[in-house]
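I'd like to ask some things about the structure below.
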Amino acid sequence: MPSARAYCAAILLVTLTAFSALAAPARTSTLAITGATIIDGTGKPPLSDGVLLIADGRITAIGSARDVTIPKGTERIDARGKYVIPGLMDANVHLMNVDLESLIKYEDRFHELVLEGAQLTLRSGLTTVFDTWGPRAATVQARNMINAHQAPGSRIYLAGNIIGFDGLFSPDFFADRAPFVSKAFVKRIEDTWVQGVGRDLMWLTEEEIRPVIRDYAKKDVDFLKYGAAGHHGFGIFATFSPGVQRAIVEEGHRAGKTVQVHTRSVENIETVITAGVDIITHGDISGPKPIPDKTIREIVERRIAVSVLPMTERRLSAAEKAKPNGDTAYRVAKTNRRNMIKAGVTLLLSTDAWLQDRALIEESPTREVDIIDPTWTLGEGHFNALLALEEESMAPMELLKAVTSNIARAYKVDADLGTLETGKIADLVILDRDPLQSARNYRAIYKVIKEGRPVDVEALPVAPLISKKPVRAEKSGS
Amino acid sequence: MPSARAYCAAILLVTLTAFSALAAPARTSTLAITGATIIDGTGKPPLSDGVLLIADGRITAIGSARDVTIPKGTERIDARGKYVIPGLMDANVHLMNVDLESLIKYEDRFHELVLEGAQLTLRSGLTTVFDTWGPRAATVQARNMINAHQAPGSRIYLAGNIIGFDGLFSPDFFADRAPFVSKAFVKRIEDTWVQGVGRDLMWLTEEEIRPVIRDYAKKDVDFLKYGAAGHHGFGIFATFSPGVQRAIVEEGHRAGKTVQVHTRSVENIETVITAGVDIITHGDISGPKPIPDKTIREIVERRIAVSVLPMTERRLSAAEKAKPNGDTAYRVAKTNRRNMIKAGVTLLLSTDAWLQDRALIEESPTREVDIIDPTWTLGEGHFNALLALEEESMAPMELLKAVTSNIARAYKVDADLGTLETGKIADLVILDRDPLQSARNYRAIYKVIKEGRPVDVEALPVAPLISKKPVRAEKSGS
Amino acid sequence: MPSARAYCAAILLVTLTAFSALAAPARTSTLAITGATIIDGTGKPPLSDGVLLIADGRITAIGSARDVTIPKGTERIDARGKYVIPGLMDANVHLMNVDLESLIKYEDRFHELVLEGAQLTLRSGLTTVFDTWGPRAATVQARNMINAHQAPGSRIYLAGNIIGFDGLFSPDFFADRAPFVSKAFVKRIEDTWVQGVGRDLMWLTEEEIRPVIRDYAKKDVDFLKYGAAGHHGFGIFATFSPGVQRAIVEEGHRAGKTVQVHTRSVENIETVITAGVDIITHGDISGPKPIPDKTIREIVERRIAVSVLPMTERRLSAAEKAKPNGDTAYRVAKTNRRNMIKAGVTLLLSTDAWLQDRALIEESPTREVDIIDPTWTLGEGHFNALLALEEESMAPMELLKAVTSNIARAYKVDADLGTLETGKIADLVILDRDPLQSARNYRAIYKVIKEGRPVDVEALPVAPLISKKPVRAEKSGS
Amino acid sequence: MPSARAYCAAILLVTLTAFSALAAPARTSTLAITGATIIDGTGKPPLSDGVLLIADGRITAIGSARDVTIPKGTERIDARGKYVIPGLMDANVHLMNVDLESLIKYEDRFHELVLEGAQLTLRSGLTTVFDTWGPRAATVQARNMINAHQAPGSRIYLAGNIIGFDGLFSPDFFADRAPFVSKAFVKRIEDTWVQGVGRDLMWLTEEEIRPVIRDYAKKDVDFLKYGAAGHHGFGIFATFSPGVQRAIVEEGHRAGKTVQVHTRSVENIETVITAGVDIITHGDISGPKPIPDKTIREIVERRIAVSVLPMTERRLSAAEKAKPNGDTAYRVAKTNRRNMIKAGVTLLLSTDAWLQDRALIEESPTREVDIIDPTWTLGEGHFNALLALEEESMAPMELLKAVTSNIARAYKVDADLGTLETGKIADLVILDRDPLQSARNYRAIYKVIKEGRPVDVEALPVAPLISKKPVRAEKSGS
């Protein structure tokens, strides 16, 4: 009798075949997009009636209709009256779902959940996302499947664990759930997340932490992120000492990785600036006190990028109304973003969105606020973040950069991504309306093109496990 | 692309095919067991050098070698020096596993868990089990698959829900787990268990409850069980009033079902006696006070059967030593059983065993006591229960009846089951050693024969989901 | 150095002296109330321009001005235009406060808390209250002090513990608090409440419970109350078997006590009727289903009194609006009361009110509803209960009886209390407005007279520990 | 009627009078202790047959019998064969009790609890204690009463709150208790403890924290202590940034206070060294990793004192045996102390002992270990700490200094205290046996003399509220 495992393998094979059909690499060698206004993300003025020529997944020419010759046999997309922009990016997402039911039910299929997340993002124009915390191996598997065209999805760069944090069942996250499942399961999940760089590191001195970081950087991660503050409750204050932070950053840089840091307070931010990090993650969150101008100036001078979690006034007000004496950090963050925009900080649009189970959202006691301009919803949050930055007075061209080229540059992937320039990978979005007129127009997606191939967004997510409301057949009697 | 559901269906089909190979009905028409001492379970003295003849799954002849002619072409089992007894029965099991991880992971495969339980029992000689609480539809499905020879397993009779109890996530059982999973999941599980006969019934009067019982009896259940006491903590005292209890019993009887009742105290027991029940479930448990002689006499006079949960002195002492001021109910139960044996109550061996996840047992804080003569372990508990009854002075022949014919009669299935008599279904166990010499000898199973066919016990359980310690491949890096 | 205990004794002495001043027995031998309309509580029509003559605390004459001769030297109260009614009664109160802080802070002064409760009730016209659950010894002490004129307060009759319930720190009440205080304290409080008649009794048979009830009845309690249902959550269904209930009632009656019973469901109520109880406590509460007419008729026929917890529509609607899917028992209770009024059941007004800490009420999350026509507030609840019964169509004269003579008769204290008749104790209330015109007029208290002496209601409560919002001096620095 | 408050005032007055009798200042002007071996705590060799002369509470002469002339009329204590040493000190105690019952019961009498603690310490030879965390105002009140001879007790120096920690009902301590008491009570307790220097300070920058520290230092506290690490669970890692720590220390020094710091890890310790603190509180606790030699050397060089929590091997082994996989911090601390003794760090004996309710200790699940060489028991812990330091190879004379002069110097009170030298306050202990022979001999207390007056140790504690097992009279019936 064949084993269940063998059958699962068979299913997987079929599923992969199905994925591949949607993720296939360019079969034709050339594609031309014609007639559109091209806004290339470099900050240069828009180019009307432009032509963008693509071959083998890269941009081979870009210019006005008269300057660019379209080779014969080139497939054409007529984009008259439309707008071409670089593929969008989100500097901070978590593609995985972490609800207890999913963890148990899909323990052997985490990579499929990550793929589901990456398909939700791709369908809304995000051709590249940066996953700053998640299960390392499963995210690597999803990333590789996407890169190998075995499954569709946004291009993924990943950090794995946040250095210094324990796993899902630790007090850093959801310790209250642990007693209800087996210790063996808890251990597997902890190992899956922690990857050797958990809370234990907090006991290490500068010299002791260096080899640990070196080892972790050798694992298949694209960039590093560490926690300068805890994630929950009373642990939200400073964690690693300044010396240890410098050691982490140095070792990350030596290994050729960008290094970013989770912060929660003004104090945190001031400490990490001197540690030499590349990106301050949700650096607009500074607790109950706004970031001083002096500190903002220092961020500008040291050319540190700040990923932000913009929230619309509409949502913020609703949340404040629902909980009048709640945490003020998001209100303060709005002030911080305005100040940083004014001061010229390099901002990176981000959402901290994760793969959510819709059924759980429906059941949430805070549902009424949750559905107002949601931030933490994959494939939706970045549109609202764009609206928020616009209302915080970011200039239209800066807004485009915040969601494209700024991110590519901060993560040091700008040789290939982030702008529409000859030689770069042909990731782009065609919009029906002008994004420089209104941030709302980013939603007006006509086509998403990734590596030179149009994406069949209607087919995404391909085989969703949780992002659709589950429809169950009635349990029949007998 | 084919759906995952279609693939699961495909797997199921293959699995069923595999099951069927092991569960196939008698292909040959006749079988003869020769040379053994036959103890037929009726109380008659053993028959030496007996022959037992089986055709089409039923016993066609039984007698001494000289009296029974074995037709030509009959397959033979040479059982010289061995002992043939009726197939064993357990009057109270729960074949399902109810750990949170299993519930989530196998939500669509509960019937497979039930089958796994029924295979663990069959391999230890239990040809028939009575499942007194579990998910109704899944247990029905498993029962039907076994009856249709689509899967091997003990013959199952089932009650479904305990009338008056709410489900797994209610305070009757494990309410503390509910907050950590979705409300939708909780509701599905509750519905799966409760089946319309939960705690709400406690508000009903005698007249109001009758139609509810009638409706439930029409569902595909084999017998009824109701709760005369709660299951947990403060709810352990009386629940339904005597009048309502009588109504439940009457309606059950009208529908042709035996009716049993969950009790916890002397008071409970005295009340249910007058309600007319057929079986008092774990009627040896009476709280801190032993059952008065008068009450025991009444049980005898009214011919009510009592299923018991015998526990060896070894285990009981170990538990008492580990928790000196613990509940005394099990110690009192031992006294009750001795008194009931002396008074001639019809006892039914039972275990209340359920399908356990070995990994969780290993992790249990009470593991050291748990592994001493376990009672609640499917496929193991009944052997220890037999030892316990023996040490409580039950006569050897009575012991055999307690685990076979008494149970068949109490559940009114004795027309077909429970003894080795001509015309009955050929469920039997061949032992290497004499069970009348020592209760330990019930473990000396040479062969299990169900419906006239030898069971391949080594192959059971066929496709275990949880009863083996999970061996997981290393999560590879990438 | 003198011990703290000695000093406390000293304080107590002084306090008692102070109390005594207010609680002093009649110093003058006679009092005449003249000119009022007298409504004597027997159901007879009001007597205009009546004279009520009191001597040595009892009513010596009652009649029209021309029929009654007022002896010389008699003190007079001119009550022209006013209304004289019997002293009000509440059939179900709990004079004690049970908040954790009070229990700890006033552990040696529980009787003072009870006195505080009894003073809050007296000041609103309740000359007699029936305390159906509380710390026995402390309530006895308070009762005796009041009876001995050592402290002012409503006349108290008490049950002590509810037979069958465990104490404050048990699952019957507030088990969640126990882990935060010492086991020694928990034990003291449990012993204080349980008094030997707790949950353990549920294990007893009819014969076994009789001596326990006899012993308890010998303790200094005025009447008995037992639990036919639990108090909390899943324990709310039936507890004692019918036989045991009959035994409790019989032993109570043999000891000369009235017996009442805590019920929660139709089932409960039907069972207790046959047990022979005198009063069904909050017998208007029957869970989600109204009491059948047949059952109500049986209550009438057997002349069982029912104490009720009337709630105004205004409050009920507010509670329902605040919690749309909440418990429906109070809505059903309103229906039950209407039906019982129509059927002629002897109803006793009650409140289940207890001594509440105002600071905690202010902090309550349900405060907004709590302050609407409160029921459970000592000294306030009975006024709202009167309004509720009026809106449920109780006739004005019946209403007066429900809060006076019905209660006295049900508790068998009507030889002395409950009506204004010659020879009875002179407990009465003088109202500024006619109570037969509107239930609102019960609030229009002009004077409260207990045992023939006017009560100085402004001075009550005399030395409140918790019923006033605590005003604390600033903690000074140093 | 007089108010209860007035009566309490009356009691207090009487109690104070009683206290005063025991705490009275020197009535005679001179006292001579003769014949003893004097070990003065400076490190000088013992002086045999010495005379110590005291006048007006100070040492006026000290020398050999032939060198010191005893004035006429001098009261004498013949101490031949005995040993005179400076009054003992504990560098880290908490005189208050913090159990929920005490907090509620004695809310207006916290200073009495502190006095009770200070009397338990004084009776075991501790003439001075440093209270490093407690209710500021109550401790000030107790300190002042003792200094004004209104009550007996060890001389107290106090820190009030640990800067950066929230109060008793916060997650820093016992947040789980808060839901069971009133919000008003929680707030009062929080305010009592936090005193404006709680967790909120963690949000402040270097500049912002300075005025806060200045304000707090102006309150009546004797020294400052801040938290460089949290106290509970996940908050145990670094809290204030190095810059903020420096600011705290500087402002403390400017205000003339010594500054100490609560640490938990090697990382913490290394950071605080550079912050310039005077004392590292329980600086032997460094988590799971021992303090590096380099760090210890730096402590020596910078002349930072380290208060330690010595634990005997006997106790440590018992704890490890009871919980094999427990926290290793105390085992590591033992290694740290050995290393620091070897390296010549200035160690201060301390206990972290607090006023404990004996009833609660008796009930403790860890009682069996708790009673072995207890460390955290006021009046007992320091004796065991001395044994532990001895077994960790501290030289006898160093041991004496660790419990006397080292502490006085570290806290900068050595002008008056810590050694037996002419001009210093006459705090001393007379032992029956030589403390330099064995640390056990510190228990052999013959007399405790504070400010030149013998202490009546038998009378201490004077009016204990909780340190004796409560004996309660039977609750009488009625």
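Details
Going in written order, the chains are labelled A, B, C and D, and every chain counts its residues from 1.
As a convention for this text, a residue touches a chain if its C-beta (ideal position, glycine included) is under 8 Å from a C-beta of that chain, and two chains touch if they have at least 3 such contacts.
Values in this document were obtained by computation on a predicted structure and should not be read as measured data.
Chain centres here are means of the Cα atoms, and by that rule the chain farthest away from chain A is C.
The geometric centre of chain A is 54 Å away from that of chain B, both derived from CA atoms. Chain B and chain D have Cα centroids lying 65 Å from one another. Taken residue by residue, chain C touches two or more other chains at no position, since every residue touches fewer. Chain contacts here close into one cycle, and each chain has exactly two touching partners.
Contacts from chain D toward chain C in the complex involve residues 1-4, 7-8, 10-11, 14-15, 17-18, 21, 99-101, 104-105, 107, 136-137, 140-141, 144, 176-177, 180-185, 188, 191-192, 219-220, 357, 359-360, 363, 462-463, 470, 472, 475-478. Those residues of chain C that touch chain B in the complex are listed here as 171-172, 199, 202-205, 230, 232-235, 237-244, 265-267, 270-271, 287-289, 292.
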